[in-house]
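When the chains are written out, they are named A, B, C and D in that same order, and each has its own residue count from 1.
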């Protein structure tokens, strides 16, 4: 299958609320970067997290296998360090093969969930 | 009328919640790919669904007639197989004439609905 | 000021819920095409509405003055005919000067509002 | 680190609700332009606000330091003048180095918040 997408993506809006309502993990407040790797090669992905008041942190590493999607929760990033909650961040994604990246937040701070999503910016 | 759009589109975020609140089918939790075929030719569209842990499934086939829109619910795809609920997926769309593709989720797992939408990624 | 944008835009998702909760007109369920005309010339805009099961309707005509924004509610279109509620549609926008077009729905069918928005597809 | 993004961005949808529910400032109704400056140079940014019925206002000035994100609330703009609440606006952003711009609204007019977000239009 032909690859689709780009090798660099960015989102500028990042924020993981510390509070949640409803059953975990489905309704835990979270932000996701969803990847589609439609190519026949595994994608080696590195993510750099930017903050408002300190140096960027990374790289975080992730493999998205060939012909697979991966919905990566920013909440789950651990190495080199977790992303703090209730903190503004941004993310730069670099991949060795073209992928598609889409950003989503499920926000359950209040009793009823809210959602946002956008295709990330292809650089 | 002149065609507008592209012949390949992708979304990386796909997830159909199994639970819903409110009258069906309008408020059933669903994800949609909305197509606009502004051209004077019918569009023959094929959709491939990607998963996190198994091979892609498809093609699903759909015709969007000339000068028509079609709001296709991923919930309704049946052949070759339905998309399981509560499961992460992604979608690649290929068309023989240029179309515009926009992705939407209506999520009514909780009492009050949430919405997301984005123009898909044109490949 | 230099113009920014494109002269053709499309959205594929269109749907105006017939039901609303909360004070009108702010919280009436509605869909909007928001225009930015940053140029020094008035923009003459035509809109064509596409349906699933009948021929497109239009042109609807709108002027966005130079150096102005206009947030046009699809609910308010009247000539040549209103857009029916609870009906899937799509929209093609053509302008004689470059503008930016962004699509939004405020959905208040249930007690708590939901929102979606995306930059339209530039053709 | 290599810069990513563009030097001009626009959003056409702008609206800051005057009413809010929930603890301030996190759940105050607000609109944000989130910036990512992944480059090694500080970004000098100017913002022009467009209205439906009067001349544009600006420039508003903002610095996004090298290798930082900044989530700027439109609510907080003061110089040359605040953006009035419950008023349609649009925004044009110009930067001297490439940045990524993403637009978000958190709307808490009703008891449960709603969210929208989209990558802005790169000009």
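The definition used in the following text is that a contact is a pair of C-beta atoms (placed from the backbone, for glycine too) under 8 Å apart; a residue touches a chain by one contact, two chains touch by 3 or more.
Just so it is clear, the model here is predicted, and its values are computed rather than measured.
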C-D versus B-D: which interface comes out with more C-beta contact pairs? C-D
Shared numbers divided by all numbers used: is that above or below half for chain B and chain C, i.e. same or different? different
With chain centres defined as C-alpha means, what is the inter-centre distance between chain B and chain D in Å? 30
Per the centroid of Cα atoms for each chain, what is the distance between chain C and chain D, given in Å? 21
Residues of chain A touching at least two other chains: 111-112, 114-119
Footprint of chain B on chain C - complex, ascending: 8, 10-15, 48, 50-53, 55-56, 86, 88-92, 103, 105, 107, 109-112, 114-121, 123
Quick check: in the complex, which residue numbers of chain A touch chain C? 112, 114, 118
Spell out the part of chain D that touches chain A in their complex, as residue ranges. 1, 4-5, 22, 26-27, 32, 34-36, 38, 67-71, 99-102, 104, 111-119, 122
